[in-house]
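The following pair of complexes shares a single chain, chain A, combined with chain B in the former and chain C in the latter.
Showing the complex of A and B:
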């Protein structure tokens, strides 16, 4: 049975997009005269642009991981993983447009009384760099040409690998044999190597450089932890939706249970990385390091701690039991909470650096989130209609169909 | 029912029956030990004894017999401590984490890897105890109500967290390992001929009868322990890394330390497992159970964790420049080009370059090459800890206080001694304990056994 997006789903998705748009418009009307208005819009584009792109990228990573580790059980959910990963196209388009705008506008500055304020990337503004030796010393890393060379490289590699995996996946359905399988094995390993570097280095350029003075060696892995967690959560939600509507009959409780374990494990991983980064800077209390956390705790106390508590405690407590990881209702609720929690994490990565103490979650934030979520969902579901949901001829397909734990 | 794809390599080679597995594992326990075993044990015990002698000399004379000085207050002792703790990571990773990932190949290696873990943690624990100077008051590190006035542990110190982390890890690993041994001890007990052996294994097996109820409880407790052990694998080395990273010393204080130490620990642990198993499988004729495929899997783990460690090195290097903190940059420049450059480049060569050779399929399936690389990695990981500890502190903020560290014969003697003790324990284990998990291996025989996979097994050959 081929998957079709039902009219009800379309209505819901376009409804969400419409509500999002209206919400953004209300926000724009109310806040247009704020000094931080432009920064706020740009921040939101970066938050949602990165957040949803990261989900897709995490799915691509997971796909490569399954190939490279010769995993059997996940074959039955492979098309869903591919579907989530397919959003890399849109994600990249949004980020490219945003980065191009920021490059052309000196990091997105706002001029107030002749002063440059409210950058996204202050290091892109020569007027700032001139008076800031710390940033100046970070050249050649923090320069526009280098930023663009590596960003283009990351995006090219991600698209190339996504297309390759997808093409071979569909080809395998027709041709069978093990040749494609072994090719995927090699390409999967290769992708993991590249991703191992890129996931860190890209997060330094795209996110860590917002707080241009600050640095942390763990930052890249921390961002990666959140990315992986949200990808598994999204994959779970898509699986639950498809199963609820009678698709993917061969995906059984054990598959769902395993994806649930991944959500549980990656939530722990993220929390562990959060704690490691936070605790070491907090304990050593070196001013130029701890300011990052001090500033967040001072100005965003509730949001910051609520974000950590939710992302750590909810999956830990709720998903601990075997039954919960097999219960559609519980899973759906927990997954939505995790997705919101990690959106807030990305919000906290970006907003304090760009908006200073003026960041808040209002119509604009909610609106953009809904807007992006709608487009994201539609794009994923649309990819799912393009190919049969159950792969054929994969050498481990039989293992996956008989998966029982 | 579990299916295994035809393209997966079998985990047990040739044709084996359930009975063969029991025979193959029990043979070395029931038979006479070969001369080589006595020779090896003799050497290991002598070396161990020498180490004990060095410890006694140190305790009688004082820490001054080590090469430490007013600037380098930690050196070989803590290097050895971290090195041994790291090695003690593989066993629990194999038995708990690989269990969660349903990696069946772990069943051939988990028992001996866990034994190695426990012995390695014993060796690790020795060093901080000796370093505290008065071995007989070592228990003061525990928060025990006492009458020593204001003497109380410092809960803010990561050194104390280490005490808790490592003792918890040791307890859980020990219990986990022992629980797994119980059914196998019972098998040996049932086969034992001499009354002494029968009595001994009878006590060791806790009256195991193999009833369904026993198996039921056995499985429940194994699962609970696996769940407990998994976070412990992460916590132990994270907390060991906190010993350094919570400080404000350039080269120590960096946020990537916890996960990077964990990866490094798994890296060195697997290298030690390779070294030991390659000898064990040959000496005990277990080639059908621990074969090229197992070695290859472990080499892949070594390659992956080695690469993670490599990425972490490069990240540290990069951020030391990017941060713009001159002390931080200097710490790294000094590592690479200062008086200890040779230690840094040994570390880089052994840990970053050598595991990359495992990308070549022929090399990672070559047993001789694997044996060589496993030793290289162990040397590299020792140097890593030496580099982190000594090069970061030998040139501190005050150039007038700069100094060098040179090990004395006591430093070297104690380290070599722990190697001797470790191998003595391991050799005794290999002689008297079932080195493969007999009952676990039997569960995968019909799924992953070569003759069952390709259909050459004679029908109904599974007599027990």
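Showing the complex of A and C:
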């Protein structure tokens, strides 16, 4: 109601979408005859579909975390977190469409000389599973019915909880009191329990199953670490944007500092999990396990290590000091670097498994990224226009307005 | 002449903060405040600078990290290369993943312990050191401001006294400043 998307912002967003579209079209025209063309398009849909969905999901998780821990300081930025989380609708729609397509086309393979190659999910192809006892032995987990039952369950739970949190948040503005607060507390705790399982198992189904022979028990946490980090980064960018344009006056340096701390901490969490996973396989050095990393280091050496180094070292060195976490310019630059770094992380999770050694970042990748980023930003800002940016009647609102660290 | 000091006692943290604000705006420099618990927001009022403990922690962490690198480079690579599970052991880079945990541990160990020890040293609160609060009841329910005359050149003792009396003070005492430690 108070926040309106400025015409300049609209122009920038639609400009980004247009540039993205043109870039995709150029990519399509250039690469349409490639053998990997279909795989490449599907991989990109999965990369960007998952990447932006994960940002929204991470924000939903953060919202539930704030409710379950009855946190006071974050009340003033609550609407921004809700705004970022609202993209779960679009994210789920994109992933559902993609999964449906992949299921119907048996994993999205391309037929070359009678061979099925370039699957996204090779375990969806009966021709492959027939001759592959490793995949066949993962039967109840890696089958289409099981995949769909749990995927529908995850999505239903995410949407249900998002709607509930949002509804009660707006209701609280009108009613006040502590009843809604305690209800949010219970629902937040419940969501954390469900999310604890779902974040792991969904990433096994959606991402880890691309390399169907390989498995890692840390994989879910690793994906979750990246998800949380990108969410905090996005929340920070939206906050900086709103503050720069004169909204959210009551969000002070201390709030920004605290979100900055989250970015710093979750970057460490992600790096820690990356290394924990890597080192265990490196140390054990069992051929069928270590092939996953060998392949990436052999074919994507620069992207792989640069991605890790940027995502680890940039936030660590730059955001270490107190002043940096309160400086708008430094934060904005670091946030953009982190977002690109973690996009590359999702790229590295998916592309080597689907495209093999043929993966590269070109017009199609950049185009899809811009396209999705534009839609994502517009959707978030649009949600922010629908409710006052500062909640009313939250029991901890006064505490949050006087937040000082 | 020895330095004189005025101790103004209050019985509530909010009163203390309001009084401090009033005194500071009246040009009085408050040297220190003694309280039974940390009073939030008092630091900027009396002009205490932000702690430099973070910088100390960073330097200590760096020391720990360097010590770890020097240590495992010499012990595990140079002096007596150890073959553990067939891992490459003739160059630091090839074997680096194995040494990341110990680098991390040393960094944390040095930063955490060093920070605690330096904090206690700087505050002169190592175990066994004499207490330097001027007024034992600041460990119970009283809040005391310390105003040294040597740091308030512009104001005379009587002026400061009258300014303090305008606030909701409970007790004022002026005496020679004694450095306890």
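To be clear about the criterion, the second predicted complex is superposed on the first by the 404 of 405 C-alpha atoms of A that agree within 3 Å, B and C clash if a C-alpha of one lies under 4 Å from a C-alpha of the other, contacts with A are read in each partner's own complex, and residues count from 1 in each chain.
Quick note on the criterion: a contact is a pair of C-beta atoms (placed from the backbone, for glycine too) under 8 Å apart; a residue touches a chain by one contact, two chains touch by 3 or more.
Predicted model, so just to flag it, every value in this text is computed and none were measured.
Taken together through their common chain A, the two structures put chain B and chain C in a clash.
After overlaying the two complexes on the shared chain, residue contacts for A:398 are found with chain B alone; chain C is out of touch.
Look at A:330: by the touch rule set out above, it reaches neither chain B nor chain C.
In the superposed model, B is the one of chain B and chain C that contacts more residues of chain A.
Once chain A of one complex is fitted onto chain A of the other, the partner contacts of A:196 are limited to chain B, with no touch recorded for chain C. When both complexes are overlaid on chain A, the residue A:220 reaches chain B alone and has no touch with chain C.
When the shared chain is aligned, chain B and chain C each come close enough to touch A:283. Contact with chain B, but none with chain C, is seen for A:134 once the two complexes are overlaid on the shared chain. When the two structures are aligned on the shared chain, A:273 is found in touch with chain B, with no touch to chain C.
In the superposition on chain A, A:321 makes contact with chain C only, not with chain B. Of the stretches 74-82, 110-118, 200-208 or 344-352 listed for chain B, only 200-208 runs into chain C once the two complexes are overlaid on chain A. Residues 279, 283, 404 of chain A lie in contact with chain B in one complex and with chain C in the other.
Residue ranges of chain A in contact with chain C, taken from their complex: 275, 278-279, 282-283, 285, 320-322, 404. Within the complex formed with chain B, the chain A residues making contact are 70, 72, 134, 137-138, 141, 178, 181, 193, 196-197, 200, 204, 215-221, 261, 268, 272-273, 276-277, 279-281, 283-284, 286, 288, 395-396, 398-399, 401-402, 404-405. Every residue of chain B that touches chain A in the complex is listed here, in rising order: 1-8, 100, 102, 231, 234, 238, 242, 245-248, 253-259, 307-308, 311-312, 315-316, 319, 322-325. Chain C meets chain A in the complex at residues 40-41, 50, 54, 58, 85-87, 97-98, 100-101.
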